[in-house]
Amino acid sequence: MTEEFEFLRLMEAILFASSEPVDEKDLAARLPEGADAAALLAALQIHYQMRGVNLVRRGSKWAFRTAIDLADRLAPETMESRRLSRAAVEVLAIVAYHQPVTRAEIEEIRGVALSKGTLDILLEAGWIRPRGRRRTPGRPLQWATADGFLDHFGLESIEDLPDVKELKASGLLDARPAADAYGNRAVRDDGPPVDIEDGDEGEDEDEDEP
Amino acid sequence: MVDGRGGTDGRDVTRPPDSDFEEDAPPSAGAAERLVLDLEGFEGPLDVLLVLAREQKVDLSRISILRLADQYLAFVTRVRDRHLDLAADYLVMAAWLAYLKSRLLLPVPEPEEEASAEELADVLAFRLRRLEAMQRVGARLVELPRRGVAFFARGAPEPIQATRHPLYETELYDVLKAYADHLVRTSVRTLTVEAADLWSVDDALRRLERLLGDLPDWSVLARYLPPPQGEVLATRSAMAATFVAALELARQGRITLRQEEGPFAPIRVKVLDVGGRS
Amino acid sequence: MTEEFEFLRLMEAILFASSEPVDEKDLAARLPEGADAAALLAALQIHYQMRGVNLVRRGSKWAFRTAIDLADRLAPETMESRRLSRAAVEVLAIVAYHQPVTRAEIEEIRGVALSKGTLDILLEAGWIRPRGRRRTPGRPLQWATADGFLDHFGLESIEDLPDVKELKASGLLDARPAADAYGNRAVRDDGPPVDIEDGDEGEDEDEDEP
């Protein structure tokens, strides 16, 4: 056996052993000096391309998953009943396509205040996470998708979201108030119980991270 | 679990987008009536506008905002007959659309610094298209092959040192929830303390007794309320407590009260017990 | 793809996704009519013979397992992940929100004495660390979150923790039951006196380390 094949086997074993995606950095750290993790991953992915189990990428992580085309014949052992409310689906889509996005922006896009049981449910499912604060007055918290989101929906990266390029090109992924003319007055006037911080509108949008 | 919460909207979001659209914009004549009955299913005024816009059966970029405004105003009028408690944001939208409609119909010279009626209409059209896009991709998102449904992870993971196994399985949600629960538990104490700055009858009695000596003949009781301190509730409690305190002093025969011009007229007060001056 | 290869893929996926070794009879039952389970298993076993993962037989049952020679190198961990106790999660949350915080303060905030091992558990998990001593009589040790905390919970900075207002807005904090007793006032109130932003930072702080 060549040394390279030994590395491949090791990587295969690590990925196979874990049910959750493993970060490429962690994989590289486990390999002996001189091993090229990226090349090995590519080779492994090709080897499994046609099999019943595929090596898939989830952001910067990798995992083995059963092939999608076998879905109909692999009856779920325990049917997961994750039926989301319409509001939760909309909010999840807004977070996924507009991330990082503040709560006020989500409300601006939907034209209505967020009710309880929307953000917390998505957070509990491990699909969204807080990601930095907007550098605007009030420093509102921003939300983004979490690792669990990519894995649950079988996406390699955020770029693989349905229609994401078309939406970007059409300018519809602008979370800022369409104009001061209307703003989110409707949201504001709704009052308690959800308070909206001032300065959330993010006109001088300036993300905390690159 | 993520289940539940969807109960009130009555729409199954996991259905394919096609059937969702069908339900939202049926070309039938009964659509208007159904909108009324389904009010609870709407996610705010923008969502209502979107459903109404679909009734026009044209591309959203070519929608008639004037007609949409009429549709919405008619909708709100209809709904208010049955739902008197229609949420404020629906009414705010109605007021805004009525304003927009008047601007669109009567092209008066626009003030320089204000947006033109057309710009306002464009803003609304943009928001509708943006919301529609999010609803559409949301429906597509939940139609994607999902883990545990269409594909599966390793069923029997093996614990090996190569993968990072945290000592404890705790998610961010658990930590935040723990803190939130802790705050709720401990907040009860706080609220008890906070209530103390409302005016009690005792407070009002002490204050009235102190002021009794300065009362001229038949002065208006309301003038002797403590100065308002910003909090509406505090002011109200002061008013209620002062009223009860005045009744109490009247019962003790120390003052007499009079309200001559009927309900809601000023209540006047006069000191009876001259010897009670301090 | 031949029909036989299709059967092989399905079997591969079933064995991969199963949490227990699968009986040959059950495998045969899940395969379409005419599939020869025994022959397929033999073929699959040969395919994986040299790989990092092998198909192994346990009596009449079959399962994928990490190759023995690698399993030795990747010595199995002795400890399985456990769930943190409720109290420990709460202490972790209080350290995160009030850091740097002394043990006495944690007890004061929770209104209950800390049981012995709680801080040790969090320390062992790499989620908290000692951070200097308070410049008060007795110079008590202060606790703060460690890098492992951010890492594990997918946060970029401690600032990513939602503040009280944001907890409320996201639906995690619902104080209404308690507020009911005091009507509108309590609802409008921004809640408990616990100070998140300024906590005890600054004044008495006396860090022993950089």
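A, B and C are the chain letters, set down in written order, and residue numbers restart from 1 in every chain.
One rule holds in what follows: contacts are C-beta pairs under 8 Å (C-beta built on N, C-alpha and C of every residue); 3 or more make two chains touch, one makes a residue touch a chain.
Just so you know, these numbers come straight off a predicted model, no measurement behind them.
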Ask   = In terms of CA centres, which chain lies closest to the overall middle?
value = A
Query = From chain B, which chain is the farthest off, judged by mean CA positions?
reply = C
Inquiry  = With centres defined as the mean C-alpha position, give me the chain A-chain C separation in Å.
reply    = 18
Note = Rounded to the nearest Å, the gap between Cα centres of chain B and chain C is 36
Inquiry  = Taking the mean of the C-alpha atoms as each chain's centre, how many Å separate chain A from chain B?
reply    = 30
Key: Sequence positions of chain B contacting 2 or more other chains   = 152-155, 158-160, 162, 171-172, 176-177
Key: Sites on chain A at which at least two other chains make contact   = 10, 13-14, 16-17, 64, 66-67, 74, 77, 117-118, 120-121, 123, 129-130
Ask   = Which residues of chain C touch chain A in the complex?
value = 1, 8-14, 16-19, 30, 50-53, 64, 66-67, 70-71, 73-74, 154-157, 159-163, 165-166, 168-172, 174, 176, 187-188
Query = Where on chain A does chain C make contact in their complex?
reply = 1, 8-14, 16-17, 50-53, 64, 66-67, 70, 73-74, 77, 103, 114-121, 123, 129-133, 139-141, 146-147, 192-197, 208-209
Ask   = Within the complex, which stretch of chain A touches chain B?
value = 10, 13-14, 16-20, 22, 26, 30, 63-68, 71, 74, 76-90, 92-94, 96-97, 109-113, 117-118, 120-121, 123-126, 129-130, 151-155, 161-163, 167, 170, 172, 174, 178-182, 185-187, 189-191
Ask   = Which residues of chain B touch chain A in their complex?
value = 1-7, 9, 11-14, 41, 43-47, 87-89, 92-93, 96, 114-115, 119-120, 123-124, 126-127, 129-131, 133-142, 144-155, 157-160, 162-164, 171-173, 176-177
Residues of chain B that touch chain C when the two form their complex = 152-156, 158-162, 165-172, 174-184, 186-188, 190-191, 194-195, 198, 231, 233
